[in-house]
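One chain, chain A, appears in both complexes that follow, with chain B as partner in the first and chain C in the second.
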Partner chain A sequence: MADYTLKIRRYDPESGEPAYWADYQAELPPERSVLDAILQVKDREDASIGIRCSCRAAICGSCGVRINGRSALACNTPIGQASEQGRDGAVTIEPMGNMPVIKDLITDMEAVHWKKVRRVVPWLLPDEEAPEGQEYIVPAEAMLDVTQAMACIHCGACVSACLSMEVDPDFVGPAALAKAYRFVGDPRDGEHESRLRDLAEDEHGIYNCTHCFACVEVCPKDVAPMDQIMRLRRRATGDFEIKDANNGYGHEKAFMNIIEKWGTLHEAQLLPRSFGDGSLVKGQLRPSGAKQLTESLPTVVSGLKSGKVSPKKALVHPKLPDQKQVRRIVKEIESKDERLELNLYIVGELAGEDEVGAFAEEAGEP
Partner chain B sequence: MPEHDVLVIGAGLAGQRAALAAADAGASVGIISKVHPVRSHSNAAQGGINAALDPQDSWESHAFDTVKGSDYLGDQDAIEIMCREAPEELLTLEHLGVTFHRNEEGRLGKRAFGGASAARTYYVADITGQAILHVLYEQLMKYEGVSRYEEWFTTSLVQDDDGRIGGAITRNIRDGSMELFAAKAVILASGGNGQIYDPTTNALICTGDGIAMAYRIGAPLMDMEMIQYHPTTLAGLGLLITEGARGEGAHLYNAEGERFMEKYAPNKMELASRDVVSRAEQTEINEGRGYPDGTVALDITVVPRKRIHEALREIVNVGRDFAGVDITREPIHIKPGNHYVMGGVKTDIHGRTPIPGLYAAGEVACVSVHGGNRLGANSLLDTLVFGRRSGAHAAAAVKGLPVAEPSRAQLQDEERMIDDIVRRDGSGRRVSEIKAELGQTMDKYVAVFRDEAGLHNALEIVRRLKDEAENVAIDDKGSVFNQDVLGALELQFMIDNAECIVVSALERRESRGAQYRTDYPKRNDDEWLKHINVAPNGDEPDISYSEVTMTQWEPQERTY
Partner chain C sequence: MKLAYWPGCVSRGFTPELHGSVAKVAPLLDLELVELDRANCCGAGVIAEHNQELVDTLNARTFAMAQGVEGAAGMMNICSTCQGAQSECQERLDADGSYRGEVNSHIEPEGLSYQAGGGWWNKNFLWILVEEIGLDKLRERVERPLAGLRIAPFYGCYIVRPTKRLGYADHPERDQYLDMVIEALGAEPVEYAGARKCCGFPVITMNRTTSLRQAGRHLADAIDAGADCLVTPCPLCHLNLDLQQPAAAKFVERDLGVPVLHLPQMVGLALGLEPKELGMGKHVVSTKALQKQLAALAAAA
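For the complex of A and B:
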């Protein structure tokens, strides 16, 4: 048993008062959860503290909150650990971010999260009648692969932590896009291309993610939403050559071409090549490219000022000494018929090397 | 006043399946849930769903296993229907998009489960319930004919002057407003009552609301004494470790390192039915061969690690997060814990209760397909088959009926009742105190082993708590998300459930399925091969009996 101080963000919409912090004491063993601590305070001291909770086992997704600023489920965050990480041992608990607060720790998930989920047409759209009297025959690996996205419990932790959504509230966001992959990765769905096109052509769609990994870090179910977004992108470009509203397609091509040529990033060429689907010439000749380049001038100027690029660096970029090896790797990868998507979710981080090898073999790696 | 042909209360698997079936049959449907549908406790069904889909298997074999598992208290007509319709229901789910595990040929793969003579459990890793729940919710979002009322709390059912169901009174949790819903039929799908026990595997929302609401308007409850203790729950917290672990080959050991199931079920070992395994564990613990924390050990390390990550991933997390144990490397301590109520609102094979227009499906109901003991992976099946049947039947039955016009008087009564609770002074006991005493009482006296003295004790305590619950103290005086006042209402539902369980357990003077009376240790078919029903008479439950329906399986001695 140990004593813990909880600093809970309280908000009563009926009081007319702004939100405020209130301190409470809880006494429980360090391995018990932050939720247990909150429930103890509710039980003993103040039952008016609002928090959604149900299963206590990280499967219902109700108790998403921010603990010491980090989005998490209260039920699978040990109170002892939270206290060690809190300032002066106090555990701060506040509602999730990126969503309006209804009361205390309760946010309006309907207004943000569920609306975004509905945005991705979240039901299976098979392109033919279901087989009569039997199941669809699909590869075992495909079902395991989408099970990672199915493992999402819609707790909202990733939505709360998403930095892109903070900048662009219309961003479809990590949870809804992971849900989209659940269909794009499902061989039974018949609308892969139109789903991808829809989400690529939406400027708030798959190319609006900035790879910050916040969603991957906070997800309590290892769904790794950003990985699912990257899969959506790879399918959009690799399988369907979809060009998107945010020029993500061109940006990716530019990256690959630069790496193939020099082995390291040639920053000065990244922008012009991005606007030309990877080609420097196209990027400068295309009317749209020229326009976007002009619009990027402030970025270029600040790059010059900070020394990130210089006229010399812009013109001359050294190749890696063993650039041939880099080209060989690129060639090797591009010669594959199918992309290898190694799913660590199923293999498990703790799995021995031999087991990882076994899975890679199944997935077609020689 | 929202009006629907069919109003479904509860949005777990049974409720969502009922809503979809009723909408498919052309009814206008409303579905109400006190939590967002994906928070429902169906999530917690980890292991899978049974169906004799394999041509080598047969529905008769599935049905016999279920009858035997029920200790012959299950109604065989209902069991036949459930097992016959299982393969088609499974395929429907697959076609809707559930990501079931596949074998090497890309066809549905299956695992072994307790009490079954063949491997017939289909699954999605160990998140089967969650996967099905989420896929049904996908469909619910797609269906325009279904209105969703998410985070609405139902306080009571409404009948017209002739006793026909007319709707329900609800509270919008978001703003505290009360609403009368009119409906030509109401389907209760509000789940079980595990929260009356402490510990329990059940979520905090499982407070037996529907069972109590039906009981209060005179719908009989059946088999309420049959409370399942799951063999593998974490000590203290009560969290569930799926039976899938044993299905994948995990062993049970006592503190002396003995694989004790050899003594109790030499053929099926760890995969005997749940009542048998739980009793075996409790016997080992009671006779001093358990660990000091009152547990025995579940050893999952015998399952290959890759298979654990693929098929038992959730319990890797549960072990790590809630017990600090890496189940791929060391055994985990477990004990029997409250898990499921086989009993519930008595229904026929269409989900109909004796109250005209009132249906029930899933854990809230008692058809009875589980009798004295439910087999693992039959609960998902029960919710889906009887959810669908209720939805379809209700939609057909109300066709052509005039719009229900329930009286608003009851709404005003309920508003006043809730206002009174909120305005109360703080002199009563706290909800949490009464709930804790209830939970400990039930877990002490109405658990794996029971006897008359203990049950009498329990009844006395429950009746005292019933009085105390009428005057609990309330901290929250607001309207928005007043969880405190809802907790007070749930507490009263829970106590009604508990009273019916204890009264039924006292009545059944024999041992059958989950009911083991140390003072009547034998099954007694001559006197007790019958259902116990309870219905309210004034302030206390009245007992009556009903026949067990037999079709083709005569009672035999039950060994595993």
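For the complex of A and C:
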């Protein structure tokens, strides 16, 4: 048994009073959960604390909160560990971010999370009717790729932590986009291209993810929503060549063309090429490209003025000494019929023959 | 300590002051750097998004070159984004022998092969400072303590998340290192909301509003918390926080104007190097006021 201080953010919109912090004491073994501590305080000290919970086993996804600033499920965060990481030993507990608060630790999942999930049409849209009296049958291995996205329990931790949504509340967001990949990666779905086109063209869609790993870090089920967003982008650009208005396609194409040509990044050409689907000339001739370049002009001028960028450097970029090797590698891999991908969620982090072999040896098995 | 050194693209492109600073600072810390001048771009997350096998191969190529540097303790990078992008590839390459074999088959024509295991590492200059050089030794080398300066750390996403991949199990304080280095150099680390958030750079060409609102907010938070300047181990963050700062001010509708230092510049100042040697005239947001502050501190000491 140990004593813990819980610093809980209290707020009741109906009271008309602003939010405030209140301290409570809980006594329980360190391996018990933060949720257990909250429920003990609610039972012994103040029954009015608002918290949503159900299964207490990280399955239902109800008890998402922020513990010491980090989005998590209260039920699978040990109180001892939270106390070690808290400031001065106190465990800070707040409602999740990026969502309105209904009361205390209860956020309005409907207003943000579920609304966004519905935005991506979260059901199967098959090409044809299922064979009469039968289910759609696909080989099991064809579904492996989407099992990671399917592991989502809709707790909202990733939505709470999303740094893009923090500045753009309209961003479709990590949970909903992971859900979108669940159908884009499903061989039975017949709307892959239109789903991708929809999310690529939306300025709050797949190209509004800033690649910050916040969702990957907090997901209690290792869904890695950002990785699913990258898969959506890969399919949108690689498989369907969707040339979107947000320059997602152009940016990737420009980057790849530059690396293939020079081996290292030539920043001065990234911007104009991005606006021209990878082509330098097209980026400057196209009206939308010219408009975006004009917007960037003050930045270019201040870069030149500071001496950070010389006109020569902006125009000339050295090739790597062995650039032909980089080009060969790009050609070799791009010409494959299928992309080779290793998903550690599916194969496990110790998937290698060496490691598995070592394990089998240790266990005395052949 | 001898190290294979991957400077990255941006440090030799739009932030030349970073590359120059490392060259000045390394000998003062007894670092012998062997620059990997044949190595390619890490992909910065974009090649990973395009084709995983390709990005893993390109980085395996860099790792193999670094492993070939005789007598090197490991590989050093000076960019949070390189650290994150390369750690992602290394994680996959180390996890699966047959996948690694397939990747290595693309670089074998060059006589290269990435060898997993054996404790080989790739560390950002920030990690090298704390884990390899040590804060005690760093303190001993300080010629010009930065006492009186309030410096806001800006880590860059790729060096703090995901903790599982980035070695936090063995080094749980990696997300505090920048604060610790600021303190070791005599300055005061500023606490503010944006230290470990995203600078917005990855979407600057795709969603300028999201990108510059992010940069602008963090800069404003640092200013409001009383920072004299920010410091970052990531040149891509530097592009959004410094080069784009005048534009970012418009997106948050307020004045900004706070200088942003590269980590090696801050270290160099404390080790006694002059601002000019560290390229501090090549910033978009002027560092003149900061330089004056430094001179006044030196005169008062």
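The criterion applied here is as follows: the second predicted complex is superposed on the first by the 331 of 366 C-alpha atoms of A that agree within 3 Å, B and C clash if a C-alpha of one lies under 4 Å from a C-alpha of the other, contacts with A are read in each partner's own complex, and residues count from 1 in each chain.
Heads up, the rule we're going with is that a contact is a pair of C-beta atoms (placed from the backbone, for glycine too) under 8 Å apart; a residue touches a chain by one contact, two chains touch by 3 or more.
Model, not experiment: these values are computed from the prediction.
Enquirer: Based on the superposed arrangement around chain A, label chain B with chain C as either clash or fit.
Expert: By the criteria stated at the top, chain C and chain B fit after superposition, with no clash.
Enquirer: In the superposed arrangement, which partner chain does A:G16 touch: chain B (first), chain C (second), both, or neither?
Expert: A:G16 contacts neither chain B nor chain C.
Enquirer: For the overlay on chain A, what angle lies at chain A between chain B and chain C, C-alpha centres, nearest 10°?
Expert: Given the fit on chain A C-alpha atoms, the answer is 140 degrees.
Enquirer: Given the touch rule stated above, what does A:I59 touch, chain B (first), chain C (second), both, or neither?
Expert: So A:I59 only meets chain B here.
Enquirer: Is A:P287 touching the first partner chain B, the second partner chain C, both, or neither of them?
Expert: After superposition on chain A, A:P287 lies in contact with neither partner.
Enquirer: Once the shared chain is lined up, is A:P311 touching chain B (first), chain C (second), both, or neither of them?
Expert: neither
Enquirer: Under the stated touch criterion, which partner chain does A:Q134 make contact with: chain B (first), chain C (second), both, or neither?
Expert: In the superposition, A:Q134 contacts chain B only.
Enquirer: Could you look at A:D43 and tell me whether it touches chain B, chain C, both or neither (first, second, both, neither)?
Expert: In the superposition, A:D43 contacts chain B only.
Enquirer: In the overlaid three-chain picture, find the nearest pair of C-alpha atoms across chain B and chain C and give that distance in Å.
Expert: Minimum C-alpha separation, chain B to chain C: 12 Å.
Enquirer: Across the two complexes, what residues of chain A are contacted by chain B and by chain C?
Expert: 347-348, 350-352, 355
Enquirer: In the complex, go through chain A and note every residue touching chain B.
Expert: 12-14, 31, 42-44, 46-48, 50, 52-62, 76, 78, 102-104, 106, 109-110, 117-118, 122-124, 126, 130, 133-140, 143-144, 146-147, 150-151, 153-154, 182, 186, 188-189, 221, 346-348, 350-352, 355, 358-359
Enquirer: Given the complex with chain A, which residues does chain C contribute to the contact?
Expert: Of all residues in chain C, those touching chain A are 9-10, 12-17, 37-41, 43-54, 56-58, 61, 84, 91-92, 94-100, 102, 106-107, 109-110, 116-117, 157-158, 161-163, 197-198, 200, 202-203, 205-211, 213-214, 217, 243-244, 246-247, 281-284.
Enquirer: Mind listing the chain A positions that touch chain C in their complex?
Expert: 163-164, 166-168, 171, 203, 207-214, 216-217, 230, 233-234, 237-238, 246-248, 250-252, 255-256, 259, 263-268, 270-271, 274-275, 295, 298-299, 302-303, 305-309, 313, 320-322, 325-326, 328-330, 332-334, 336, 339-342, 344, 347-355
Enquirer: Can you tell me which positions in chain B touch chain A when the two form their complex?
Expert: 35-36, 38-41, 43-44, 91, 94-97, 99-109, 124-125, 127, 130-131, 134-135, 138-139, 141-142, 150, 174, 203-205, 237, 239-240, 305-306, 309-310, 313-314, 316-318, 321-322, 324, 326, 328, 430-433, 474-484, 487
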